[in-house]
Amino acid sequence: MDRARDYLPLAEACLGPSIWHYLQTGSSDASVTDKQNAFTTIRLIPRPLRNVQGGHTRLTLYGQELAHPLLLAPVSYQRLFHADGECASAMAASAQGGQMLVSSLASQPFAAIARASSTENLDDPGFQLPWFQLYWQGERERTARLLQRAAATGFSVVVLTVDAPIKRASLQLPDDVAAVNLENHPPPAPLSQAQSMVFDGWMKQAPTWDDVAWLRQQTQLPLLLKGILHPDDAEHVLALGCDGIVVSSHGGRVLDGAPTSLDVLPDIVQRIDGRMPILFDSGIRSGRDAFIALALGATAVLVGRPYLWGLTVGGALGVAHVIRLLRDELEMTMALTGCAQLGDIGHHCLIAR
Amino acid sequence: MDRARDYLPLAEACLGPSIWHYLQTGSSDASVTDKQNAFTTIRLIPRPLRNVQGGHTRLTLYGQELAHPLLLAPVSYQRLFHADGECASAMAASAQGGQMLVSSLASQPFAAIARASSTENLDDPGFQLPWFQLYWQGERERTARLLQRAAATGFSVVVLTVDAPIKRASLQLPDDVAAVNLENHPPPAPLSQAQSMVFDGWMKQAPTWDDVAWLRQQTQLPLLLKGILHPDDAEHVLALGCDGIVVSSHGGRVLDGAPTSLDVLPDIVQRIDGRMPILFDSGIRSGRDAFIALALGATAVLVGRPYLWGLTVGGALGVAHVIRLLRDELEMTMALTGCAQLGDIGHHCLIAR
Amino acid sequence: MDRARDYLPLAEACLGPSIWHYLQTGSSDASVTDKQNAFTTIRLIPRPLRNVQGGHTRLTLYGQELAHPLLLAPVSYQRLFHADGECASAMAASAQGGQMLVSSLASQPFAAIARASSTENLDDPGFQLPWFQLYWQGERERTARLLQRAAATGFSVVVLTVDAPIKRASLQLPDDVAAVNLENHPPPAPLSQAQSMVFDGWMKQAPTWDDVAWLRQQTQLPLLLKGILHPDDAEHVLALGCDGIVVSSHGGRVLDGAPTSLDVLPDIVQRIDGRMPILFDSGIRSGRDAFIALALGATAVLVGRPYLWGLTVGGALGVAHVIRLLRDELEMTMALTGCAQLGDIGHHCLIAR
Amino acid sequence: MDRARDYLPLAEACLGPSIWHYLQTGSSDASVTDKQNAFTTIRLIPRPLRNVQGGHTRLTLYGQELAHPLLLAPVSYQRLFHADGECASAMAASAQGGQMLVSSLASQPFAAIARASSTENLDDPGFQLPWFQLYWQGERERTARLLQRAAATGFSVVVLTVDAPIKRASLQLPDDVAAVNLENHPPPAPLSQAQSMVFDGWMKQAPTWDDVAWLRQQTQLPLLLKGILHPDDAEHVLALGCDGIVVSSHGGRVLDGAPTSLDVLPDIVQRIDGRMPILFDSGIRSGRDAFIALALGATAVLVGRPYLWGLTVGGALGVAHVIRLLRDELEMTMALTGCAQLGDIGHHCLIAR
């Protein structure tokens, strides 16, 4: 298990230290350690002798037929990792029969990514273009224009990220890497001495529930919210007519000491009780991890760093290989626990210690 | 988060090893490790999409308008850390719209500290001078005289420390640093062979509940007791007509294996149920820590070592910067958990693991 | 206690690194650490002053009189460890009045092992030949032929291993070590692109419950299933007319994050409630470990690595000495806890922490 | 706190490595670590402002007036540590107003120890000679003769050790150190091949409950049993007309994985409910540790290694100093928790974490 980790040292050797640090931030600190501990403290019960021949990992999600539930998480500026950038990831996701969430901060034009994604699928009538991860653009008009550009490209699902209103100090981008699909932002109005940088500055740029209700009116595409960690908020998403959530702690990068996605998943699953899909993000490193998230009630999972290691080392082929490794591990875990299909996976497969 | 810790290595480089050891005592031992673990095992739940524009950290405490709930803890002999001593700390507290507790063992005259505190506030009608931390002086008359001197200076609140009857072997003070506001103590009467150094010596110098009742009669100022860790004792404070408590483990310096302030805070909050303010002391290192103490029911918190690191490195400016860092972190934590005001912070923001 | 561990460094010195690694795999990873922790977190309560004179460790199992409940686990290719291979282990088990489970992957002919086992017992009318551990051979016919060969040799009990359908990459065997009792397998039919290596490849070779029901019809010998970790599966074994189970996690080598045998033993014991013997495998390193497994309800235990250390260092004499050490430790633990016979050992002897 | 530990490195420097190892055995292994953890995981609640003037640590035990509840544990062969041996320890215990348990394996004649003990107390009418720790001598007659010799010397209490029937490989004694108060044992009868060294050898030498009943008839002195860890056994002691127990794990030296004395103390206290004194042994290193044992219901505690460190370094003066340090720490802990007398110490002073 955990074969994708074989790519980690190779990727580190390929990247400069600042980009490597940018990629792995949150990876060695307490948040991420917690996350991995959360996965390793769960035990899976082997169930030998069950007949699982003909088993598979297929599912249907938002009308899309997927070969497996391992989606590529939205990660910005992928040309930092490989010259082929998001196009390579999209091509690999598509070739492996899965899906990718394309970041608002992609470093290649939406149209190029869409094209890379569909190359191998020109003849598949059921094929659908990648999903689009939307960052709020500080105000409704600018956000609407970005959404419009993504929808015009043909992206098939919209995922609004809501958990990162305050950006941390980050990487100095190289000259040839940029968020090419965004408008230039005007600088924010200066604050008076009595105003708070947090409350009157950053948070003024953040979306609110009212903005989500407005956004729901702007598109017919399935709309998901990414970064939900509380059952009440999940309920609110449903009440606003949205189509799903991604339980996510944003790679451990925003709030120190936030609970892990795995900590809160069971309560959210119980509250939503099947009324919408619940995707799981954060900390998936192996097919075993994916199995655990599915057993706790996730409909599918987002994979982050492992595919970027693969992208760094081998471009589209590296990403495809990582996806295949994770899927093989998921299949092995299913076989050993006696699950022939995703629907057989459940809480009964686990022992919490 | 935890930006104030950037001052720690700088402060260590500024101080001689004996003073550094004096400052950090209890900091690397089991007591303090417990304390920090207590904070790190608590999880904060992000609540995105809430409208927190216009949020702030203001509160009113004993009739005083404070910009934030981060009080400077009473620390003795501050000229050990910087030539400007308590005056620098008082000036910074005042400039940042907060308050300071001035120690009975201050190394500068009360009048000078009061003056430094009010420099920037000559025109503010609501301004009030620092609070006074009172050590029991072994007997009532001597204690009354010390209290009298502090009140005459204009100090606005009295905080009696009750948890340190037995002093540990401590620092040899340099010649130019002394408790300039205290009378000389006569040496205690010698003990007979059959008497106990503890019960008949040290504890004879310690205040009792009867002494607290007597003290309550000696002043009209708000009177708080610092060092309360048991709900019954908190109840007793209230019954004697005092105005508040500081839950504190005295920097881990007195009783090995005492519970942390964080361990006992919830029970005391539940018992007192809003009948008086409960201040929290011990182990606050970041705005996130402060948020947790407030969420568990504290009205405000005392900050200790971090501001002394700032004092050591940069005098009044260093202290002011540390306060500002902690306040920014508190604001960020509030914003990310959807709290616009202190009153929005509560137990519902936390998950204990 | 834990005297058998004295053989570990000696054995390491005798073996090349690849064989040593093969033997100890799973021994330094999380699974095995868990296993050992499980044993060390249990406390035994000394019960002095009880009269235990004349105590012993004898038991009757499947009609066989055994001097002690410490069976030698089935381990493949024992000529890797010592030129005398399985014959040495069988001779030692027999000389010490116990039993051995001979692996399907034994590196010596079944007949030779049987002969070595009976040398010292030619005159003992109650003596019975070793037990036979059966690996499923991918299909019923080939499995039946292997079973037939073992039964013809006189092996007295059949133990089907069910928990290792997927073999991990393993050791390159030396030229003179082989599974001499097996037929050559034909290579499996190649998979199409759309087929899953896991579900359509490996798992097609694995036995199912239907195959167990079929196997039950093929032999009159007692039939046990090894690798059961779930009470429902234990119940199923009973329903199919089998005669016992071995609770085992296969040396930690198959499914990452499986529970330890010790974790699941109590639930299985409670469910089966004495209706068939329950043997315990995995992690026994001392007589104290064996005592704990017995106290939790096991009828007997399988010992693995310790006897291979003894085999490596001293052949049959080394194995016999290890068995004797473990038995002495078991007797001491019984004496100190006031147990004169195996039947006195029970849950009341333990405190879980 | 834990000032007695200052003697540890000094003592190590005084002793040869084999004697040091003999003294500290069990001290660095899991059993002892457990023991110390057990003490450090308990929290004491400071209760300031209570009037504890005139407090003391006196108690009456078996008709003897003791200045404090810190008894010297029975330790064999004390001339290994200092030329003055048991006489020095007895003199110190007596000078500090406490008591000592003299081992059956003392390296000086009982009469000499008794004399050393009474030197300073010739004029004290209430003074009583040390207690006597009795090892069972393999049979009743020999045991009766040993008891007779000890009683003839004037020893005032008998404590039968019941938890060490199996002696571990131990120190090779120097020529001038021996158990001078014992008869020579005849070698045990050889065992037949079929007999068990444990059940038919060692355990035949161990006392049983019947022997305890017999012993109770042999003496009018108070009779205690040392090594009881189970409430049922404590009850049995009472039923046989004995006068108390010592809860003890024999320095961690007998059964691997036995519970600590601290683990089992509360259950035994609850069961006995004041019907006889319960003494506590094992792991006391500071006055704080003693306080915890008393708070959990012990009547008094036995101190072991710390006084041997003192004996090694300073003879009688070293022992006396260690006792004084522990007593001062006990007094300080009492004062800080608001306890003026031993009777004020109780479970309400603790928080288990």
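Per-chain residue numbering starts at 1, and chain names A, B, C and D are given in the order in which the chains are listed.
Throughout what follows, a residue touches a chain if its C-beta (ideal position, glycine included) is under 8 Å from a C-beta of that chain, and two chains touch if they have at least 3 such contacts.
Just so we're on the same page, UniProt names per chain: A, B, C, D = 2-hydroxy-acid oxidase.
From a predicted model like this one, the values you see are computed outputs, not experimental measurements.
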Considering chain A (2-hydroxy-acid oxidase) as a copy of chain B (2-hydroxy-acid oxidase), what rotation angle in degrees (nearest 5) results from a C-alpha superposition of the former onto the latter?
90
Most remote chain relative to chain C (2-hydroxy-acid oxidase), going by C-alpha centroids?
B
CA centre of chain A (2-hydroxy-acid oxidase) versus CA centre of chain C (2-hydroxy-acid oxidase): separation in Å?
45
Starting from the mean Cα coordinates of chain A (2-hydroxy-acid oxidase) and chain D (2-hydroxy-acid oxidase), work out the distance between those two points in Å.
63
Contacts with two or more other chains occur in chain B (2-hydroxy-acid oxidase) at residues none
Can you tell me, using the touch rule above, whether these chains form a line, ring, star, complete graph or other shape?
ring
Pull out all the chain pairs that touch, please.
A-B, A-C, B-D, C-D
Once bound in the complex, which stretches of chain D (2-hydroxy-acid oxidase) touch chain B (2-hydroxy-acid oxidase)?
1-2, 40, 42-56, 288, 328, 331-337, 340, 351, 353
In the complex with chain C (2-hydroxy-acid oxidase), residue positions of chain D (2-hydroxy-acid oxidase) that touch it
30, 162-163, 165-166, 196-200, 202-204, 206-212, 227-230, 233, 236, 249, 254-259, 263-264
